[in-house]
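Next up is a structure, given as structure tokens.
So that you can tell them apart, the chains are marked A, B, C, D, E and F in the order they are listed, and the count of residues begins at 1 in each.
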Amino acid sequence: MPQIKIGKLAMLVASLTPEELEPFSAQLKDVEYCQGKAGSMNMEKVISAVETAAKRNSIISDELYRETHALYHAILEALEGVMRGQIGAGNMMRTVGLRFAVVRGTPYEHFDEGEWIAVAFYGTIGAPVKGLEHETFGLGINHIG
Amino acid sequence: MPQIKIGKLAMLVASLTPEELEPFSAQLKDVEYCQGKAGSMNMEKVISAVETAAKRNSIISDELYRETHALYHAILEALEGVMRGQIGAGNMMRTVGLRFAVVRGTPYEHFDEGEWIAVAFYGTIGAPVKGLEHETFGLGINHIG
Amino acid sequence: MPQIKIGKLAMLVASLTPEELEPFSAQLKDVEYCQGKAGSMNMEKVISAVETAAKRNSIISDELYRETHALYHAILEALEGVMRGQIGAGNMMRTVGLRFAVVRGTPYEHFDEGEWIAVAFYGTIGAPVKGLEHETFGLGINHIG
Amino acid sequence: MPQIKIGKLAMLVASLTPEELEPFSAQLKDVEYCQGKAGSMNMEKVISAVETAAKRNSIISDELYRETHALYHAILEALEGVMRGQIGAGNMMRTVGLRFAVVRGTPYEHFDEGEWIAVAFYGTIGAPVKGLEHETFGLGINHIG
Amino acid sequence: MPQIKIGKLAMLVASLTPEELEPFSAQLKDVEYCQGKAGSMNMEKVISAVETAAKRNSIISDELYRETHALYHAILEALEGVMRGQIGAGNMMRTVGLRFAVVRGTPYEHFDEGEWIAVAFYGTIGAPVKGLEHETFGLGINHIG
Amino acid sequence: MPQIKIGKLAMLVASLTPEELEPFSAQLKDVEYCQGKAGSMNMEKVISAVETAAKRNSIISDELYRETHALYHAILEALEGVMRGQIGAGNMMRTVGLRFAVVRGTPYEHFDEGEWIAVAFYGTIGAPVKGLEHETFGLGINHIG
């Protein structure tokens, strides 16, 4: 198990209330992170929302393709968990309140393993008919920097 | 958002230490749950481990196919998040320490919505070569009962 | 093999002419069922068409999310058969005449196994260029009630 | 809709009893077909069972790769319906009694459209734990010859 | 290995400059081929662009569904390589300059194995945010004629 | 389009004969690369073969997880192209002669974009029955270092 659990921290930031997150504030000091919301299930918009938040909060550089590439694949992996393999999901899902968190840190003791990034989504997902929804979660992790 | 968040509770039970879980003990009183470990990435064994734990702890009935069917599809959805769409994943993954939680409860206010079940996995997943691993997570939810 | 074959009955209702279906009328008395058509391959519209038909014909309750959730996953499973794993299928398919059937019944002898639901699609599916099409079939089954 | 419905005929041959199939005997005279059983969910064995049956019954030539290639992809498409997108399915499924049918014919009026092949599977599929199973179905179609 | 490598030739036509392709001109005399460009990642448009080019250059007949069906599935297989299993890819990708090649020939020594078709894509693929792109490639092969 | 096309070079190294590769020797001086063979379609063995070759030829460090992680995901992406979305492919494919190439270089003009890695596979892939095979190809690209 990595020393600093950036994936677990991303899940906690994405799903806990501020009060619930309190006991983890010490662990959160070891990483850089941000959070945000994505109100639609349009894939392009969800990805843009996460990328924009990560750049505005200086979690990733907005000048380097390699950092966006690293984040992008972490987002895709997290969305696999949100979608759970459902065909054409982007076309037929409607979500109400998807929160996300991006966490960047150095999970491994060995200095040269360098920085990694975690993306977590938490919220509700539903069929196209309004009012039908349950919780969904997704986590993606990648090396970066 | 459902009133009782069985998905979030499953995530917390699967990933927190006993100390970290303490503040959530009140919320956990509203549901039935169990936890366990799956030490291999052989799909058949992971599924059996979760089913066995859920039956031994009386989270589901071991006499009704419909309850196993409900749990089984929740497990499959959770494994999609763990695997993140990787081809032939069952054949080429090796994991060290996958913990799981099964939570059963009544998330919705409306009485007739009845019982639902959540399955969460948290742990590390790696390529076949030893020592290469990072965190992974998956959540599945289904109606049951 | 279940005692009452709701999946086989759904396939027959979806694909046979009224005359061809005649010999199965006795078997159909053991279940509740309805049928309908979906004229586009837009996923959201196909799902809505099936859900609307199932509710109008009182095959499922339109007041319970758990029944729509059960039907929804049976529809998704049936669409996997229709689409056969083709990427982005919702975007690049054009179909002419997809018929569907929804069958609800009690397939198992053991009383407590309760009610299950089957969804079948049958029709033609084609590439975006008009006139290119062949038959396609899909079946999904789930516990309900 | 094609004139001769090889897909529908394959579905009927795979799922009906001999008595139920009787009324379709006239339609079946327009095509060549065979049927068989596959008792395991090991992919390699299922594919071999269908290929062997199709060759023994002279539905396809056992000397031409192009005919086996056409059949092979029709089998894969049919298995997508059987498996419904479930990850690592070959590893974690156990089936009891999967019947298959292979139908070869000329569905289209235009002579040059030539021969096509349909493969259908029907049976029960279950989780690894014995006794848990429900119906499953899959259909694949390809040009051949 | 087939005698005439239509897949390798399609790959070379799609990715080499005219000068780089020069040494392969002798091999290209054994096959029929065409090339073209697809400037968007909208699936329907990419498929139409390849089909239109193949028909205009008489690589396939525009009067036979079976030839379009053969080409269509070769395109789908090639797009799997371009997309690499990414969910909802058609919705969230933006590409700049995807070149394609369609090659038709007789790869096998045995006369009756007949004609086969290969489709290759080569270009850059990127996330929705402009300027983020790297190379991508895909190859599909099918029997035809 | 990147300045140095590591993906195209990987494809050429994987598929050309030494004579055919000659004209590209100047371009190959800008990158580090190695090649090898994988004689089985067992996923775990294919991945190990590529990783071992890349480490023995010092294309990646054998002491850093982050470099193996980068290579591993490039291999997975390349295998998506080889497998073309076929279910349970690892279980039911048999291949004869899959060659691979790993290329590491700096594709982008901007210095800080750093190093990237490309993995290409080229060979024949077949159904389990011996003698049935056609060409297959796959390319994956990732940031590294």
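Keep this in mind: contacts are C-beta pairs under 8 Å (C-beta built on N, C-alpha and C of every residue); 3 or more make two chains touch, one makes a residue touch a chain.
Treat the numbers as computed from the prediction; the structure is a model and nothing was measured.
Looking at C-D and D-E, the interface holding more C-beta pairs in contact is that of C-D.
Between chain B and chain C, the superposing rotation on Cα atoms measures out at 180°, rounded to the nearest 5. A straight line joining the Cα centres of chain B and chain E is 43 Å long.
Chain A and chain E have CA centres that are 35 Å apart.
Here the CA centre of chain C is 20 Å from the CA centre of chain D. Note on chain placement: the centre of chain D and the centre of chain E lie 29 Å apart, centres being C-alpha means. In chain C, the residues touching two or more other chains are 65, 69, 76, 80, 83, 85-88, 91, 116, 134. Across the complex, chain B is touched by residues 1-2, 5-8, 11, 15, 20, 23-24, 77, 80-85, 96-97, 107, 116, 118, 120, 122-124, 134-141 of chain A. Those residues of chain C that touch chain B in the shared complex are 63-66, 69-70, 73, 108, 110, 112-114, 116, 142-143.
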